[in-house]
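Below you'll find the structure I mean.
Labels A, B, C and D are assigned to the chains in the order they are written; within every chain, residues are numbered from 1.
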Amino acid sequence: MTAEEILNSLKAKFGDAIVEAKLDAPQPWIVVNPSRTKEIAFFLRDDPATRFDYMMCLSGVDYNNGKLGIVYHLFSMVHRHKIVLKAFCTKEQPHIQSVTSVWATANWHEREAFDMYGIVIDEHPDLRRILLPYDWEGHPLRKDYQVPEFYNGMKVPY
Amino acid sequence: MIETKSLPTQYASQPGPVQTSSGKTLRTDEMIINMGPQHPSTHGVLRLEIVVEGEIIIDVIPHIGYLHRCFEKHAEHMTNYQQVIPYCDRLDYCAAINDEHSYVLAVERMLKIELPERVEYIRVVMAELQRIASHLIAVGTFGIDAGAFTPFLYAFHDRELILDLFEMTCGARLLYNYFWIGGLSHDIPPQFVDKAKQFCTYFRPRIKEFNDLLTYNEIFVKRTANVGVLPKDVALNYACSGPMLRGSGINWDLRRDDPYSVYHKLQWEPQIGKGEMGTVGDVWDRHIVRMREMEVSLSIIEQALAALPEGNVQAAIPKRIRPDAGEVYARTETPRGELGFYVISDGSGTPFRVKARAPAFVNLSVLPAISRGCMIADLVLIAGSVDIVLGQVDR
Amino acid sequence: MGLLDQRFENGNVFVTSLENLLNWARLSSLYQMQFGLACCAIEMMAASASDFDIMRFGIIPRATPRQADVMFVAGTVTLKMASRIKRLYDQMAEPRYIISMGSCANCGGPYWEHGYHVLKGVDRVIPVDVYVPGCPPRPEALLEGIIKLQEKVRKESLVKKPA
Amino acid sequence: MDAFQNLGFWRTLLVTVVLSALPLVFILLYALVTIYLEMKVAAHVQDRLAYMRTGWHGVLQPIADFIKLLQKEDIISVAADRKLFILAPYIVFMGTYGAYAAIPFSSIFIGAQIDLGAFFIVAISSLVVVGILMAGWASNNKWSIFGAVRSVAQMVSYEIPTVLAILVGVMITGSLNLQEVTKFQAGGIQDWVIFGGPLPLLQKLLITPFTVITFLILFVASLAEVNRTPFDLPEAESELVQGFFTEYSGMRWALFYVAEYANMFLVSAVAVAYFLGGWGSPFGETLSGPVLGFFWFVLKGMVLVFLQIWLRWTLPRLRVDQLMYTAWKVLVPFLFVCIVAIGLILVL
């Protein structure tokens, strides 16, 4: 299936939940509503025409204009096609729905996005920090992050 | 809908409350044990919080991040794209070349440049040599997990020979910085081809010796067969890759199915687990897939060396790399599986965002699902068969 | 401190002979704690494998800190790991020695500037006896570090240090 | 011991103390040699050299280790059960050392001429289990408890095949006294119990397969008794850190260590006494005598110890349930068959 067909079938099913799309990029992407990612993901995985059963990657991004986002790279082992989904949120309201129930691999990736960007993943079964210590303050991969002077009495900068 | 709860029960005595015939529930005691961060068998600084009932595991909670070295932050703060390569080396320190390969591939796809043939062939040779070296560490330390120390030393002895080849080429033993964007840091030395061929002829019988020592050892087979079974659907749902996925019987190899470099010009077949000693997808299958992949790599190396063309080892690229604004996700098959780099460029000379999709990170996340109901001794083996490198898990 | 260290007021012939014997025993039997952090751990493993064979110096890996004499801090120490390393150091029995292996453990290495989660040098939490530079150091460099440590142990004294 | 009955009380005491110290000297010397041997054998299996720096080819290494451990800081953690923690290594060592009393080192030297020698060894070496359980419990460390519990389960299970195998020896030699057993096989290699003992030719031919199997089972079971690979689960390094002595440091740990090596020789000595002719020379009368007897006994024991070391550096480790399976469903049934068969052949 080409990206255009995928976009059309998504539009037909979800309508206004599909915010925007860029199909002429080398890896075409579709922007979806951050509070409806789960049902869209279920549809993409279970629809026999798409069958995106393999999530390659899930990355949090700080776009440095007050916008945060999560990028889903999907792949189908059955049809061997790819698509990129994106969901954006603001720094003030960083909420994106979890897709862990669709692809189990998203669990740790989403925890990492929370850890690094502070994106709150709604409906995530176990939303804790994953890489940094549980008592760490701040979300280091945000572009405006300031490195703390001390952590637990240990000096952090060189 | 894919059923992820179809995991097989591994022992007759399932953990949980036991009822007598009169309906009374017996009390059983559960215990929490910490394995790691310093433990002989966690392959680095992984910490596993284990809930056990006697020796049987009820739950495993991995705690990672003890080696979080801020790779993604560094990638954003370097002065140019090339400076990220040494940090990629340090992600998966057992297979540094494969990490570089993935990153330079992502940037090259972004720049849309064509590489000289010679570069691609040398890259294939190096990547496959590195794959053998990495698998040797994996199976060697796996031997230690199973209680056999000697195979580890046999494996490391052979690995040294590969490191000699690398050292001859770029001067480093472990972290190379050899693949550069648009080519290689420099050409291979003249005697390299002969030495590499010698290594191939030397190493083939050694694989057999290793198999006799460990893989087909009766005790080892008893320990690993039917343990830690990872069914196909679970493997896909957790997006496992590499020997993990192939061990579960899925015929999937990025070198063949999402071709990069010159793998499509060479003759070879991916190895998959067939459940020869037990169930498809058990620990032994993952081990044998690694052993057989080493043989496949040898044949790839021999073919690539035979077809090695003459030519330049650097494509004509601008001194200052400034890809157009955009994004790319490129993936390669590393010894641990699919290593992808998601690179976003904003048109400046430094990457805007680099996300490493680390195979060890993803493969490790399946560990709790496949080790419930096992024994502590099995957990050690399952963790060993996942073949994690903490540098990649924690980045 | 070992059982006898710095228990003597002044050195005499007996004390110095005992000192020589104990120092010889200590330096020839440095049990290593089986513990690696990152890239350098692979080189440490290579050093204990057949080609370099660290056991020639009497170094045997022990899995528990209680029975170890020397800890190689081989790799990047992160802030999350630092408290654990401190605890492992505390669990080791005196006399105990630390070899900091590789640039990361020495001073933060390549992660010194932007590594928000990297401890810039393990000597900020535990005392270090020998620093082995390199990223990662070759196994030969580690062996040299061990010889340096042995030289250091040879000069230890049982006599109480002047206050 | 009969020779001392005419001496006074104090002289008897003195002689007893000196004589009982002899096995201790032997154990210490033997432990030093075997620790060195273990590492060297391992190294040569693994294509390397091991100790090279202390003395010629590192022969002084065990001595250096010993001196170092002597003056190492002695750690007893706050949460540990202090009394049991301190007591445990001594009990483990005592169990082993006590068993040496009934080992016939030579035709003129045996610590105690007990008629129930074999029985005494089996009984007193079980004391080791108590010590190990104490060590594991007192350490207040979960890995230690696991090690201790595994160790107890393993030793108790493998006691059965060991005792049954010794029983086969008793059936053939007709004695529990290890000196008597040795004298029974004094005629050289063809009279050793492993080859059927001094029986008529037909019986010997019939019985030999069973005795060889019994000896092999005894050897396997003894591996488990002393926690050696492939049965080294109690101290499985990759699983339980160091098992029951995870928390021990310095001299106390050294005591465990020496006891472990002493145990290796102990089980070998029992096997040698019952199946390999004890201190008897393999050539019958030639090259026999009290001193040469001692030499033969130690040589045979060391060959078995060497086999244990060799196996350790070759094989992987079993799992707990497989370990129990091996004991109860493989070794014990085979031994029952052997016992019945040997009994039938003997009454022929």
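By definition in this document, a contact is a pair of C-beta atoms (placed from the backbone, for glycine too) under 8 Å apart; a residue touches a chain by one contact, two chains touch by 3 or more.
Keep in mind it's a predicted model, so treat the numbers as computed, not measured.
J.: Relative to the centroid of every protein C-alpha atom displayed, which chain's own C-alpha centroid is closest?
T.: Taking the mean of C-alpha atoms per chain, the most central one is B.
J.: So what's the Cα centroid distance for chain A and chain D, whole Å?
T.: Centre-to-centre distance between chain A and chain D: 62 Å.
J.: Distance between chain B and chain C based on Cα centroids, please, to the nearest Å.
T.: Here chain B and chain C have centroids separated by 31 Å.
J.: Rounded to a whole Å, what is the gap between the Cα centroids of chain A and chain B?
T.: That pair's centroid distance is 24 Å.
J.: With chain centres defined as C-alpha means, what is the inter-centre distance between chain B and chain D in Å?
T.: Computed value for the inter-centroid distance: 44 Å.
J.: Residue numbers in chain C touching 2 or more other chains?
T.: Only 34, 49-50, 63, 80, 113, 116-117 qualify.
J.: Please list all residues of chain A that touch 2 or more other chains.
T.: Touching at least two other chains: 131-133, 140.
J.: What parts of chain D, by residue number, touch at least two of the other chains?
T.: 46-48, 237, 241
J.: Please list each pair of chains that are touching.
T.: A-B, A-C, B-C, B-D, C-D
J.: Applying the document's contact rule, which stretches of chain C touch chain B when the two form their complex?
T.: Residues in contact with chain B: 33-39, 41-43, 45-46, 49-51, 63, 65, 75-76, 78, 80-81, 84, 88, 110-111, 113-118, 135-136, 138.
J.: For the complex, give me every residue of chain C touching chain D.
T.: Result: residues 1-4, 21-22, 24-26, 28-29, 34, 49-50, 53, 55-58, 60, 62-64, 66-67, 69, 91, 93-95 of chain C touch chain D.
J.: With touch defined as at the start, can you tell me which chain D residues reach chain B in the complex?
T.: Contact set of chain D toward chain B: 42, 45-48, 142-143, 146, 229-230, 232-233, 236-241, 313-322.
J.: Can you name the residues of chain B that touch chain D in the complex?
T.: 31, 33, 39-41, 55, 143-150, 153-154, 157, 213-214, 217, 219-220, 222-223, 375-378, 380
J.: So in the complex, which bits of chain B are touching chain C?
T.: 37-40, 44-45, 65-70, 73-74, 77, 86-87, 90, 93-94, 137, 152-153, 156-157, 159-160, 163, 173-175, 390-391
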